[in-house]
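The data blocks that follow each hold one structure.
Note that chain A is present in both complexes that follow, paired respectively with chain B and with chain C.
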Partner chain A sequence: MSGHLGRAMSFGIPDLALGLVLNYVDDPWDRDAISLVCRHWNRFDAQSRKHVTIAMAYSTTPARLLRRFPCLESLKLKAKPRAAMFNLIPEDWGGSATPWIRELSASFSCLKVLHLRRMIVSDDDIAVLVRAKAHMLVSLKLDRCSGFSTLSLALIARSCKKLDTLLLEESTIAEKENDEWLRELATSNSVLETLNFFLTDIYASPEYLALLVRNCRRLKILKISECSMPQLIDLFRTTETLQEFAGGSFEDYLDQGGQSGNYNNYYFPPSIQRLSFNYMGTNEMQILFPYCAALKKLDLTFTFLTTEDHCQLVQRCPNLEVLEVRDVIGDRGLEVVAQTCKKLQRLRVERGDDDQGGLEDEHGRVTHVGLRAVAEGCPDLQYWAVHVSDITNAALEAIGTYSKNLNDFRLVLLDRQPQITEMPLDNGVRALLSGCTKLQRFAFYVRPGALSDVGLSYVGELSKTIRYMLLGNVGSSDDGLLAFARGCPSLQKLELRSCCFSERAIALAALQLKSLRYLWVQGYLASPTGGELMAMVRPFWNIEFIAAPSQSQPGQAQILAYYSLAGARTDLPPSVIPLHPSV
Partner chain B sequence: MAASARQGERATSFAMACNLLSQFVRKNGAAAVDLGLGINKVEAEAKTTLPGAEEAGRKETMELFPQSAGLGAVQDAAAPDATREQEKQQLTIFYGGKVLVFNDFPADKAKGLMQLASKGNPVVQNGSAPAAVADTTKVQAAVPVLESSLPAAQADAPKPARANTSDMPIARKASLHRFLEKRKDRLHAKAPYQASPSDASPVKKEPENQAWLGLGPNAALKPNHGL
Partner chain C sequence: MSSRAPPVELDFLGLHANAAATEHHGKSSAASSSSIRGMETSAIARIDPQLLRRVVVARPPVTAEEAPPAAPSPMTVFYNGSVAIFDISHQKAEAIMRMAREVTTAKRGDLGNTTLVADSAKDIPLARTKSLHQFLAKRKERLTRMGPYQLGRPGTTSGSNIKSLRVKKEAEAA
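Now for the complex of A and B:
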């Protein structure tokens, strides 16, 4: 790469030396700094930058990407707002990958790795991509995408012989010709290391899955849609390299009678480190017991386990680094986690069923008790997302005291209990933010009264390094938002939901936040015309308004604003109104 | 926009060094890039180490690896070569139910204010804190930008005096939603007339089979309430 820049020197350093040094520099912030030193270094960085993530596809254009980084090897693109994963974004909002794939296929001669997240990708798009890049493509991730069918998967399977990673997690894929694509993959590819179609609805037969595992001797990660687990027993015996498995499906013991009672038949290779089973119940749980001591990741989010089951299982897993559960784990389960999982780095406690009719275990609630236990017991935690039913300041203070390695913390206070033990949580939040100095991502979704305007100003003051924030039901007036906006010097992406702020305050806050480049708001004091939002009009700042689905739900309208060098979108659907620049 | 983003983030020492370099280029022009930087032959004879290069005169050389590099404020690290101007930041004071905000408050005055405040006994009502406020207004002569009273209802069970937009239910992740729906379907398919899950027949206990798993007779195989 550096060869064709000749024998030039800069700052007394020959290009050759510079190239050797910069090869070790991967961090995007450092690369950014390099590119701003002088034109020469800018060109150098441009030609040697291997990977780029474009967090908002509409913030730039494919042509600009090509001009800036013509030698790119790996690209990650995201389009739809994160709220799309919560079914809050209209179907026709946008996010088509077509213009990107067209340019990537025509140029970018070094591209080997492509990751599209929350985008619309058509069969035609994939055909264009495959035609141009099949000989080079090493990794393709269509993550939470839609618009394509299994015919494209078959095409990819047939044509991309070097593909070691195919990820389709949670994408919506039209099914055509059953699981022919899987047979094609199994017979055409022998270098596959990752196949992930977890949380999709496409069919995969046990026969073709077994064929794949037999033929792809390097397979490390296999995450599938629902396939009956008893029929997969043999598959696990034929692999020596498998490290991660997720998906499958356990049938009900009542239906299967004796057949699925043979839990002794289950076997996983010694290489297995990460497991997740759908609909696993109390009886099936025992198949994990022989492997628990070696497990590094356990995902119980989609199981039917009770609180007691969680306790039984987790207490056998001292080496867990990642644990994902629903709040049925309860405070009791979290106490077991705290006692047992000393190496835990990532913990996610999702929201279970609200139905009090007995679907979830009656002990299945997480409160300040569980939070405190985990904070004290798991000092290595870096990522922690938790849905709680009750909370106190002391629990948040404990997190600030003990969870020093946290870089991503997300708390949602559920609506289950009418009374919360202690509100407001101003002091707890202050202690948490003061103590967790490495925090870069923070979500605090609570209820009115849980964080006052003062508390919100604390958040502003103490979020020196936070880059992403989601706030829900915080503050009690515009003053809170304005105080908040005077802080947060690093905040790049802000999501606000269900708050009481006026349009004008939101606009002023957007102008105040120094680093803000992306803003999403749903639930605010809207004016009839949206006119107050115009207070934040400025160059390169796109402001879009997503209308409420109906007149009777005016609170559901959304504001989306982001910096863009591409001007107004040209593919706006009727439900999205451009406020600036207006089309 | 890009520059302001850099201001706030915690820069690595490498990024700070690049920052210094780019400032140098801006000050001395593009030609400085080609001329080299303090490592010309004349200097090399006299000095051998990088710290020694400092003495050659700040005009031609610069400290690429500031000793203060670390996780401190970016402004501090940039200070050695940057201007000698005072650092001005916003000062917010919460006191007695009032919030006072001063823009562009000089850093050294803020330091003095904080020292004054910490010296006083925090319990004493008429301690140093009010005096500090008075000092501030005397020295600064700046008008507070924002004065607002804190909500009095802090201590009570809060009845938020805010116009709530709408009762927005907390949105559920699509994948969780699908799972919970499927679970309901399975339950209804299995036993549509079941009054409550506890009516489900208990699991058959197989203590013989489990002995080899080391679970013993106390293995928790209670009737499956959760399903």
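Now for the complex of A and C:
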């Protein structure tokens, strides 16, 4: 034994060298591989691992995390299924952070960074955390969480003097004592670099925001809820470091009482690179013009701009790396993107208003035309999510040919048009997956007939490196799913929605997909006896059945299954039925 | 006899309730021969899972220390026009109840593949995130308020007050 001889080496490598080398290894996959070599290396990794992401909080326990990584500095935890962001998960499903925060506060002496996503965090939880970690906490992200109030924000503000990042994006926060928390933050903290409460409903007064910007001289990112933009004009003059601003809002022109045409008053510091404004309209758009050339990120998702407006704006932004819009941008706008934004890395085209009697722009449709243009014009694209109204195989082939850097591609085919130009899309999908060799995340949400069983088998065959997939309305029978499941060697997380597969096929597919550790399904063919799902029962595989909200909507039931070392959940609500392990 | 699990009478066949539903399903059960003498034998499936759960778990959820009693207690089943009493353990009873639940919430398999494909696409519309949904609602409200005039263009004043989305939501008390 190495200890007995006083030798500090393994495989001829001194521990000192091992330690130094490991300092440079951050990638979790590499670390995982290193930790499996031998017990010695496992201990080394455990003691030097700085960050861990637990993609499914119920897959393990706080005690296990502590045993394995006692020196952890940074933790990211996720709990509720992604579908929770689309209001598909019952409120009482679970995801409480309490047991985690209890353990993190009691031990984990090196913890400085905590990121909780889609979890329920109570005011008590935050109080416990702050009591234990206030002197050390550098970054706290409560991302798409709920259960706490602004009183906790005030507590954090008062107590965590080293906090450089506070992120609350899209969380549901109970409001108490108005924006006193913001005043506390502004007066207690001087090292803040990121404050993000974008897409929350909490109030923020222009006075306190201005105070914050004045006092936190290192502030780089400020993303707020709604606050009238004309009242924020002065704020931007007092900062020299701000790089990103989002939120604010433009109210009705009609109510600005003579403020029309005062758009010259707007000023943003030279440091500004990323901007997003709510309800910005055609007239207000001009405030951006002097800054467009320097902009790296533009988010127009929550603006009231027309297709033409998008064209006008985007053509002035040759340095854009990130663009987020609704499909009102249209094919015309995407053509402008393709011509102008040669450095584009991330593009998101969200779904606009679908209503009959079209309130959105008549040109506001994205089709294969826009897709082709972007594929050919923006070779650096890594992340591309797009809602299309029409599609052809050729467009998908173009993506396979040109978008060689794609690692995350998500396509949703909207229900706008009764007829799609070309179906099925089997060949296009095959070309896309063959060409985009770096793809790790893939979503293909279409309509029945858009991807046949053969097409689905292509997906299985050609997804060598894909780890996450969302498939909607694909395939036409169980054969398709089973063929798919014979491939996808790296698939860890699979979401299926609105498909026609039987319970039995889903269970068999889950067993077949060799890397699968997380499965979510909504919409499937239930067997007459309902027991077919039990075919996928196996050790450490938690299966939850989330009942439909009412008997009249059987299509809404969900299956959630995931590997877990924690055994059965102890906090299941009545709407969630454990199939294995049983309660 | 466990005093903690009193005998419970469950109307599995729905003889006293769901009479209309029984009739409908009795007609369409060609393949699965699940109807005898007109009584729907998979009526067990229509039991509300909440009810079943409440019935089976006759006391608050157990903690890890207190395992449910392994000793068998009687379970009375009314099925197919006959009555049977079984001495089974709590776990087995749970398993049986679970099977019943699964069928309750399952779709009817005898409707055929194609119908269900069409149904599932209709039943399961594309979902939006809450923020996008709120934004589009605000947009609609802004547009209808401005009447025939385009967004962002000058129009005759309507004298309406600024209502931020926040205040509006409080007023609507959704």
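Keep in mind that, in the parts below, the second predicted complex is superposed on the first by the 569 of 583 C-alpha atoms of A that agree within 3 Å, B and C clash if a C-alpha of one lies under 4 Å from a C-alpha of the other, contacts with A are read in each partner's own complex, and residues count from 1 in each chain.
Going forward, a residue touches a chain if its C-beta (ideal position, glycine included) is under 8 Å from a C-beta of that chain, and two chains touch if they have at least 3 such contacts.
A quick note: this is a predicted structure, and the numbers were derived from the prediction, not measured.
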Put the two structures on top of each other at chain A: do chain B and chain C fit, or clash? clash
Partner chain(s) touched by A:Y402 [first = chain B, second = chain C, both, neither]: neither
Answer with first, second, both or neither: which of chain B and chain C does A:F108 touch in the superposed model? neither
Between chain B (first) and chain C (second), which does A:D415 come into contact with in this model arrangement: first, second, both, or neither? both
Which partner does A:L88 reach: the first (chain B), the second (chain C), both, or neither? both
Any idea whether chain B or chain C touches more of chain A? B
Quick check on the superposed pair: does A:N283 touch chain B, chain C, both, or neither? Answer first, second, both or neither. both
Touching A:Y562 in the superposition: chain B (first), chain C (second), both, neither? neither
Give one of first, second, both or neither to describe whether A:Y266 is in contact with chain B, with chain C, with both, or with none. neither
Should A:F444 be classified as contacting the first partner (chain B), the second (chain C), both, or neither? neither
Please indicate which partner A:F11 is in contact with in the superposed arrangement: first for chain B, second for chain C, both, or neither. first
Footprint overlap on chain A, where chain B in one structure and chain C in the other make contact: 83, 85-88, 170, 199, 252-255, 278-279, 281-283, 301-302, 304, 306, 350-353, 359, 412, 414-415, 445, 448, 476-477, 497-500, 522-526, 553-556
Which residues, counting only chain A, touch chain B once they are in their complex? 9-12, 25, 27, 29-30, 32-34, 36-40, 83, 85-88, 170, 199, 252-255, 261, 264, 278-279, 281-283, 286, 289-290, 301-302, 304-309, 312, 326, 328, 350-353, 357-361, 412, 414-415, 423-424, 445, 448-449, 452-454, 457, 461, 464-465, 467, 472, 475-477, 479, 482-483, 486, 488-492, 497-500, 514-515, 517, 522-526, 540, 553-556, 563
So, in the complex, the side of chain B touching chain A is made of residues 1-2, 4-12, 14-16, 18-19, 21-22, 25, 30, 33-34, 36-40, 90, 92, 94, 99, 101, 146, 148, 150-151, 154, 157-166, 168-180, 183-184, 186-187, 190, 196-198, 200-201, 203-204, 206, 209-210, 213, 215, 220-222, 224-227
Please give the residue numbers of chain C that touch chain A in the complex, ascending. 32, 34, 42, 45-46, 48-50, 53, 61, 63-64, 91, 94-95, 98-99, 101-110, 113, 116-121, 123-124, 126-132, 135-136, 138-140, 142-143, 145-146, 150-155, 157-158, 160-162, 164-166, 169
In the complex, chain A touches chain C at residues 83, 85-88, 170, 199, 201, 203, 225-226, 228, 249, 251-255, 260, 278-279, 281-284, 301-302, 304, 306, 350-353, 355, 359, 412, 414-415, 445, 447-448, 473, 476-477, 497-500, 503, 522-531, 533, 545, 547-548, 551, 553-557, 570, 574, 577, 579, 582-583
